[in-house]
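Two complexes, one shared chain (chain A), two partners (chain B, chain C).
This part shows the complex of A and B:
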């Protein structure tokens, strides 16, 4: 019995041993050199499996002053996305994108069921009642992703050492994405992406 | 397949293609069954002038209510074409035009907007004027206003 506990502890100790990890900072610019906000980056491991997704992954896209907040999201496949309604008037949210086709009506003072985003890809959301409302949800199959602020920087924190395919894209401003191979070690890495117009 | 149907089908295919190409374009909107080209004989819908007249006075009314200083707040950032379509469909279904209204009920539509009595009556006034502008006969105007007046409790102070 004591031996078994010792073995369990040893096993746990091995699993909890610190993995060499660092931050990856991506600087995203357009072809004119301008910093790009609301760009998304994600790193997919090459030759190794990404850790399995959490079964309780949750994300939120709120409705505030007839805008989606945030306008751009990146989530892992398998995430339940809630659509609260801070506006407290009716919205009618829909997507015709292949990665997730759905409609959901948000009524005043009534909570709508969350939507499961189970496939990778890009989903564009609209509101049938307020046609200027648009949001983008990029669904990826990796836990390592980030989006850029107005400084054009997107930082993936604590990414383990290894080989990755790192992709940057900015669909909300009509910029086409591309991927680069990147070998990461324990030191912080920095990568610049220059995105061209297109889809 | 008639030509308009064919064209709208073509437009749907085109719009779907835009979404599939995953650009920054907003997504396509769900399809709607248009109101009838010929109003059923003897119906109030026919006496209102059928789809051409109803579409025209609904258009005018919504444009007025969405731009008038005292009523425009509830229409801020609203897809006015959607409101016009739903209002035409609703009037058509309530007046024997044979449409199926697919929109939400009036209570759900107006909840949270806190529409005042004054705003409600201003819209009624704009609708009355628009119908007159489009030569809707008095009796038909009054019949429609009577039908719509019954909805007041599902519109104001919600």
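This part shows the complex of A and C:
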């Protein structure tokens, strides 16, 4: 299944910063050289503030066939994440992660209210009823992020030129992330990350 | 010790055999039962081991399940996820109580103990401590592991399950104490004693008990049996506080420096209890059968030995010569057969003994008693007579001329004579205790309580034998000589009595009196003869014998042409011993042969010597009957004659009538050969025997010597002088020279000359002289002797 992240703020960013923009393509591999899917990259500007987040930022993590869809999500802090239940059984979502601790009651359909993820960090979601259901939500303070597909490539589109600290991590497969400083210009940039095992 | 008695031996054998069998059976049963008990216990141990293993496994599974459920409890997870120490501790404690865990720990992903209900203080200091058994902590979400471990010195069944939030954030470790109660539960299920022991190689005493169904004393005992190597399963025989146990040592999980083992064991006592009852029964049975076997073997042994003893008594009776009582054992078995055999033996021995006695004591020829029986009877009679005041007598007799009969007519005739004599004795001697043939022609008769005069009996015997014995119509004339000896005056013992009877018999024979009663005088002369006979041998060796010569003077011419050689014995002590004292006994013993040889040699030598001195004398030598039996005599004579160069005609051999009558055929042969040599032969002592003249006519003799008994009495006895005259005529008619012996006076000399007798010999002319004196005498008287002058000459 293809992962889709809607980023409604992309156009606004370009309007506020009339600098030329480009795409950053990150190739993520593990120490054995395998391409890593569901890896996450995000770029934080160095020496400049990131554009403020939108107050109505929304994200959705669905529950289909007793799985979270998508399993790995990246959201900007302050995003309201809704947890629709596409299954015909009930789920009860919880998180013991410090970035966001919460519990929903058993529900089905769209009964659960959206949950505001206001702190950066990694939140691991589980279902109190179905122990096997796990989802990871990475909460960052930057609009420039992306996740990798099965080709191991994650592409951040339209990122203005400037200096950035680019971080790659893949918590769902147990790989430890790290950051690299990167100076971007108008030209498309390509960066390879090799992730070590760890959490 | 050797057991001599058969009865004891039988009893000992049976009892020993039975005891042996019972001991062997007991040993085998004992071994088999002990083995059974052990294998039964061993089997129980193995079953128990399986049950035990299964129980532990089930227990672990159950605990795992409980732990997993507990770890999945949302509230529990939520509390754990708070990372708040106090909360975690309380939730561990709370939920631990809920599932009955004795220890609850939370261990984070780094293996550090976050919370520990068992040892809360160890965590409270804030320094994280590593969990002792990291191997339990498996990272997998679904895993749950369990093992037996030691916490705080106590045994626990530990179960670790990850806490999911939803990813693992750590492990909750739950501990269930393994204590004596658990051991007792296990014992209930396995029916085995259960102990858990800890092996800590670093400790001075590596083994210690963690939990057990045993009391502390038994536990101490158990520890001493545990093996040095805790990692290996072991099968042990243990002595737990005096009771024998079989044990299995099962190593449990090993997670570090210490190891826990489970020891399952079971006492043999239970398994052996049944056998103990059996053993008691066996012992009782053994003692019962032993007692029965003793009673039985005593009975059997008696059954055998009683009749054997009876047989032994019978055999002893037979041994002592009592054959009267039969063996009194009536049985159908082998002993019965033995008894019957013994009976047969007894009668057989009795019969044979009777037969042997008969052989030993009876003379088979005459059916009279033999010498042995006679000796026994005589001894018995003497013993009896000595005890009482009795008298007894014995007669000893032999037959005259029996040897002649036996030798000339054969043994069958001799045997016939003996049988006939026996028959006559038996019919004549009625009062005899015993009539015996002592051997040959010798008989003995024992008469008890005699009046001391047996002359009548002796005469009766002689009379009974006067009637000739007929053999195939031919009359045989046998006489007898009888010696009589009385007890006690002629001897107080059998030997003496027999000897004296014998002496008396010889006296009777010598004196031709028919019978004689013993007289001590006989004994001395007899003794003298006997000793003389012994000395006679020495006499020849020591040259004590001499020859004297008595001249024969011609009645016609007074010439002296012949002498008779007469032996004299110059005994160094006795002086001159007359021939009559030793010649008869020399004849009797056969020693006469040597004497004759000596006489012949000396006579021929002397004859030769005289011849060389110019004295031609015919020498006469007396030859005994025994000499006539000697076939070598002619050769010896021939050799002597040629040795001394003496013409045969100068030797004259004088033989008595009886001399050749003993074996006339043989004597005739010897005489014929002597005659062929040219030796002269003369009949000596003519008229004393009973020989028939016709027989003498066949002999090659040239001379007849009339016995002195006729000559000495013929002057006074008309009848005798007539006999002498007719004898002289008879001799002359037969062509024989007639010589008269014993001429002692002038009257005899004159009468003989008138009767035409040829030669005279006697004291009237000369006594026997030695060779030198004889030569002198002859030179003085040859041709001159007329009686008176001769008498003067011999003066």
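Observations, loosely collected:
We take it that the second predicted complex is superposed on the first by the 178 of 199 C-alpha atoms of A that agree within 3 Å, B and C clash if a C-alpha of one lies under 4 Å from a C-alpha of the other, contacts with A are read in each partner's own complex, and residues count from 1 in each chain.
Following the convention adopted for this analysis, contacts are C-beta pairs under 8 Å (C-beta built on N, C-alpha and C of every residue); 3 or more make two chains touch, one makes a residue touch a chain.
Here the structure is a predicted model, which is why all the values come from computation and not from measurement.
Of the two partner chains, both chain B and chain C are touched by A:134. Looking at the shared chain after the overlay, A:124 reaches both chain B and chain C.
Applying the stated contact rule after C-alpha superposition, one finds that A:173 touches chain B and leaves chain C untouched. Using the contact criterion defined above for the overlaid structures, shared-chain residue A:66 touches chain B, although it does not reach chain C. In the superposition on chain A, A:76 contacts neither chain B nor chain C.
After overlaying the two complexes on the shared chain, residue contacts for A:109 are found with chain B alone; chain C is out of touch.
Greater residue coverage of chain A by touch, when chain B is weighed against chain C, goes to B. Once the two complexes are laid over each other on the shared chain, residue contacts for A:96 go to chain B and to chain C alike.
Overlap of the chain B and chain C interfaces on chain A: residues 94, 96, 103, 124-128, 131, 133-134.
Across the complex, chain C meets chain A through its residues 72, 74, 77-78, 81-82, 141, 164-167, 169. Partner chain B is touched in their complex by these residues of chain A: 66, 87-90, 94-98, 103, 105, 107-109, 121-122, 124-134, 171-174, 199. Taken in their complex, chain A has these residues touching chain C: 94, 96, 103, 124-128, 131, 133-134. The part of chain B that touches chain A in the complex is made up of residues 16, 19-30, 76-79, 81-82, 104, 108-109, 111-113, 158.
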